[in-house]
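Chain naming follows the written order as A, B and C, and within any one chain the residues start at number 1.
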Amino acid sequence: MTVTTTAPQAALGVLPRSDGSAKYSHAGYTLTASVNGPIEAQRRDEHAYEAHVEVIVRPAAGVGGTRERHLESLLQSSLAQLILVKNFPRSLIQIVLQVEDSPENDYVNTKLVQASLNLAIMPALVQTAILALLSAGVPMRATATATAVAVVHQDGAKKTVVDPSPREVETARSVHVLAFTSHNGLLLAESEGDFTVGEWDDVYETAKGICCRAGPAKEGTAMVLDDEEASATDMRQFLRSTMESKVAADLHWK
Amino acid sequence: MTAPTIKLPAPLFARLSPHPFLLRNLTATAAAADPARPPAARTNGRGTNETRPLHAKASSLSHAHGSSLVRLGDTTVLCGVRAELLPVERIPLFRPVDRVGDGERGGGDGGDGGDGAGEGGRALLGRGELRDYDLLVPNIELATGSAPQFLPGVPPTALAQTLSTRVYSLLHSTGLVGVEDLRVWSKPGSGEGGDTEMEGAGEAQEVQEGVEEEDRVVAYWVLYIDLLFVSFDGNPFDAAWAAVVAALRNTSLPVARWDPEREMVVCSRTEKRQLNVRGLPVACTAAVFEEKELGEVGTGVVEGRHWLLLDPDRLEETLCREAITMVVDCSDGETRIKSIEKQGGTTIGRELIRGFAVIAEKRWKEVQGAMK
Amino acid sequence: MADRRRINGPAGATIPPVFDDASTRGPKSIKSRSRPANATRKMYLKTGVTPSASGSAYLEIETSATPGVSGLKLSCSVHGPRSLPRSAPFSPHIVLSTHVKYAPFATKQRRGYLRDPSERDLGIHLEAALRGAIIADRWPKSGVDIIISIVEGDQDRETSQLQGDEVWDMMNALGGCITVAAAALADAGIDCVDTVAGGVAALVQDAGEDSIPTVVVDPIPSEHEKILAACCIAYLPTRDEVTNLWFRGDLPASDIDLYTNLVEKGIQASKNANRVLVGCLAETIQ
C-alpha cells in the first residue's frame, strides 16, 4: 500500500470578489474554485422550481475541450444533488474550477489538449468545489468527499494505490474514482480499465475507509480499519478541520 | 354528487405530467399483484429489467472502410470508420518504434491470449502510441434532427461532447484496436502481406532493400470514427458504443506500402486486411426512477420507492437523475468489467452495483447474439 | 484553430490513402450507361424512420451496375410546426429552415463537420423548392425545421480525386433531397398543395469530343464521358408547376430547343420520382 506522503492542503476565501472560493492542493493537483450564487439565471437556463447549477472546468493551459465538458457534466449532476436547489428557484449557482497545477508524467511528453478522460483529477475537483460551496455558504444537504484508487499489477501481485500518480494511472490495470456523501451514500463511481466485481469491492472498501471514517478522529478513538490505512488521509476529517480553522480565524476578533 | 373528472388520453397525460404518469404505470401493476402479469411495467410496456432488442447491421456504406447500423428500439445510430494516413514526419515529437520488440509482442499476441502480464504490457505500449498520436478520432453527431430537442446547425451540445469523450476513453481503456494494425512499415511485413507486395512493388523495391539500412514505421493509419444518430430515443451511449464495436469489427484497411521513389505511402486496391478487434465490450445502462419527484436524496435514509429502469428511453431519461453504465466483456469466459460510470444520486450503492454486474452479463449475451 | 467542441485528430494533417494505379482495373476507361437514356434508377423510399420527429423519411437510390459506385442514401427528419423562438420577428406564415449536411463518411473525401458552401447552397435550393409546395399561411408565427443527412453520396469510389464531378453530384443530391423532404413533410402532416419531387436531366457527350450531345435523365457522372449541362427540377405534377429550377453548364446557343428539351426531361424524371413518392405515401396510409 503506497500512500502519498503529501497531505491535502486547503485555503478558503482566497478570492475576495466572489461569493465563495477555495484553493486546494493534493496529490500534485492544485485547483482554485470560485462560487457565485444564487444569482440571476439566464433565460434559457432558468428553471421554474429549482436553481440551475453550472459548473465550469478550466484546464491549466489552453481552453477547455470535450474532456472538460465531460468532467463538468459529472460534477454538475453530483453537486446538483447536494445543493438544496429547491431553495432558489429561477436562479443560478455558478461554480468555476480553475486547474492551476497538475502532476507531470515524466515518462511521456504530455500534450496540451487531450481528449482522454483524466479520472485522477476528479477527487480534487469534487473536494475543491465542496470547499468553495461551503465558503460561499450555499445551503447543502450533505457534503461529499472523493478519492481516486488504482489497482496496479506488479510482479504478479495486485496492489491498491491511493491517489495514484500519472505514471501509476497509466500502468494501472484499473482506475477508480469514488465519491461519498457525508451520509455515506455513494454519490459518484467512475471506473475504467479491466477488473472484476471482487476487485471493485476491495476498491470500494479502501475508498470508503478514506472518505467516510466514522466520527471525528480523536487520539486513540479513531477507528482503525487496517494498519496500513491508518496513515491514509481521512478526507472527511480534513474537510471538517479546514472549515473549523477558517471559522476560528474569522471569529478571531470576538 | 360526484366531482367532475377530467379524462385525458394517455399520450396527453404523459406529456403534461410525465412523472406521475410513469409512476402510476409502475405502481398500478404492482398493486394488482396479478401473478399472470409481469411485476411492473413501464409506459413503454417493458418490464423494469427488460431491454430493447439490439439489431446490428454491418457494412452498409461503401465509402467508409467499415460501417455499421445499430438499432436499439427507436434509437438508431449509423457509424462509419474512415481511415487516413498520417506520415510520421507530420507527428511532432515522434519516437521511432523498433520492430524487434514489436515482433516479440506480436508473437505473444498470436499465441492467443498469452499470459496476463505480457498482454497487459503490450496493450499498454500500444495504448501510449494510440493516445499520443491521436490515432482514434471518435465523434458523435446528434444534431441530425434525431430528436426535437437537438437543433440543427449548432455546435455539438454538452451531451454530444460527453458521449464523444466517453467513447474515446473507452476505446483507449479497453484496447479494442491494437496499434500494430495501424502501423505502416517501410518494408513489407515479414508475415502477412509479404507476398502481396511482390507484385505491386516491382524492381525499385528490391534495389532499395539493399540500401535501406533498417525497417521503420513510416506512417500510421488514423481511424476517424463518426457516429450519426438517425433517430434518438434514449440510451445513446449503449447504442453508440455497440455501433463503434460493430463498425470496427467490420473495418478492413487496404494493405499499404512505402514507395521509396515517390516517397509516399501507397495502398493496394485489391488487398485488404481485416482490423483485429480484441474482445467484445458491451455497455449496459440503467436509470433510477424515484417515487418522489425531484426527490430529496443524500440524506442517507431511503425515502420512497425507486425503480432501476434498464435501457431507458427518452421520456424516462428526462425523469431520472441517477444513471449507471457498466461496460462488461465476457468473451474470455470470465466477466471482466471495463468501465463503471455512476452519477447523479446515491440510490445505487454497493449492493446494486454488484447486482448490476449480473444484469450487464445478461445483456452481453444478448448483444453478442445480435453482433454475429 | 482546432474545434474544441469535438475530438480532433492528430495535429499534423492526415492524407486520404493513395492507391497504386499499376494494378487498376482494366475496363476503367470504358464508361457506359447501364440504362436507356430516358430511364431513371430505382429508388426506395420509406417514411417514419425517426419516430421522435414530426415526420421523417429515408430515400435510397439504387446503386448503379458498376461495382464501387454507391447510390444516394438520404435521411430526412422534419420537426414542427413549432412556435418560433422568442427572438424571432413576427411572421404571418410558416418559416422554413432547411439544413443539408453530408455525413463525414459520405463521399470520397472526408467531409468536415461544419457545413460548407455547397451544403448551404443545397439547403437554399431545397427551401425554394419546398416553399412553393407548402401552404404557408396556415401556420402563422411558426417554424418548421427540415434536416437532411446525406449518409452516402452518389459517387464512384474508384475514380481518382477531383474530376470536376462534384457539381453534377450536387444536382443528383438536390433531386433526392427534394423528394425525401416532400415525403417527410407529408409524414409530418404539413399541408401542401401537391407532392413535390425532384428530377435531374443532363446533356451528355458520350462518344468523343465531336459527337452529338444527347439528353439523358438521372445521369451518373461516372457513367458518362462528359456532362455539358444539367438541370434539377422540382415539379408539382397535378398543378403542372415548377417550383425550383437549377440549371448549370453550357448549352450550344444554336439550338434553342435543347434547353426546353432538357427541362422536359427533368420534369419526366421528377414525375418518375413522384410516382414512387405517392406509392410510398399510399402504402403508409394503409
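Going forward, a residue touches a chain if its C-beta (ideal position, glycine included) is under 8 Å from a C-beta of that chain, and two chains touch if they have at least 3 such contacts.
Values in this document were obtained by computation on a predicted structure and should not be read as measured data.
Enquirer: Among the chains, which has its CA centre at the largest distance from chain A's?
Expert: C
Enquirer: What pair of chains has the most C-beta pairs in contact?
Expert: B-C
Enquirer: Between chain A and chain C, tell me the centre distance in angstrom, where each centre is the average of that chain's C-alpha atoms.
Expert: Computed value for the inter-centroid distance: 52 Å.
Enquirer: In whole angstrom, how far does the Cα centroid of chain B sit from the Cα centroid of chain C?
Expert: It comes to 31 Å between the two C-alpha centres.
Enquirer: Using the average of all C-alpha atoms in each chain as its centre, how far is it in Å between chain A and chain B?
Expert: Each chain's C-alpha centroid was found; their separation is 28 Å.
Enquirer: Could you tell me which residues belong to chain B and also touch two or more other chains?
Expert: 134, 161, 164-165, 168
Enquirer: Quick check on chain C: which residues sit in contact with 2+ other chains?
Expert: If we look for residues of chain C contacting two or more partner chains, we find 5-8.
Enquirer: If a residue has to touch 2 or more other chains to count, which residues of chain A qualify?
Expert: 66, 69, 115, in rising order.
Enquirer: In the complex of these two chains, what residues of chain B are touching chain A?
Expert: The touching residues are 93, 116-117, 120, 124, 128, 131-132, 134, 158-159, 161-162, 164-166, 168-170, 172-174, 294, 296-300, 321, 324, 334-346, 348-350, 353-354, 357.
Enquirer: Which residues, counting only chain C, touch chain A once they are in their complex?
Expert: 2, 4-8
Enquirer: Quick check on the complex: what are the chain B residues that touch chain C?
Expert: Of all residues in chain B, those touching chain C are 61-64, 67, 74, 76, 78, 80-87, 89-92, 133-135, 137-139, 141, 143-148, 151-153, 155-156, 161, 164-165, 168, 199-200, 202, 222, 224, 226, 228, 230-233, 254, 256, 259, 264-270, 314.
Enquirer: Using the touch rule from the top, collect the residues of chain A that touch chain B in their complex.
Expert: It is residues 49-50, 66-67, 69-70, 72-74, 77-78, 80-82, 86, 108-109, 111, 114-117, 141-142, 153, 156, 170-171, 173, 176, 181, 183-197, 200-201, 204 of chain A that touch chain B.
Enquirer: In the complex formed with chain B, which residues of chain C make contact?
Expert: 3, 5-20, 22-25, 49-54, 56, 63, 68, 70, 73, 75-79, 82, 97, 99, 101, 103-108, 110, 113, 115, 145, 147, 149, 151-153, 155, 157-158
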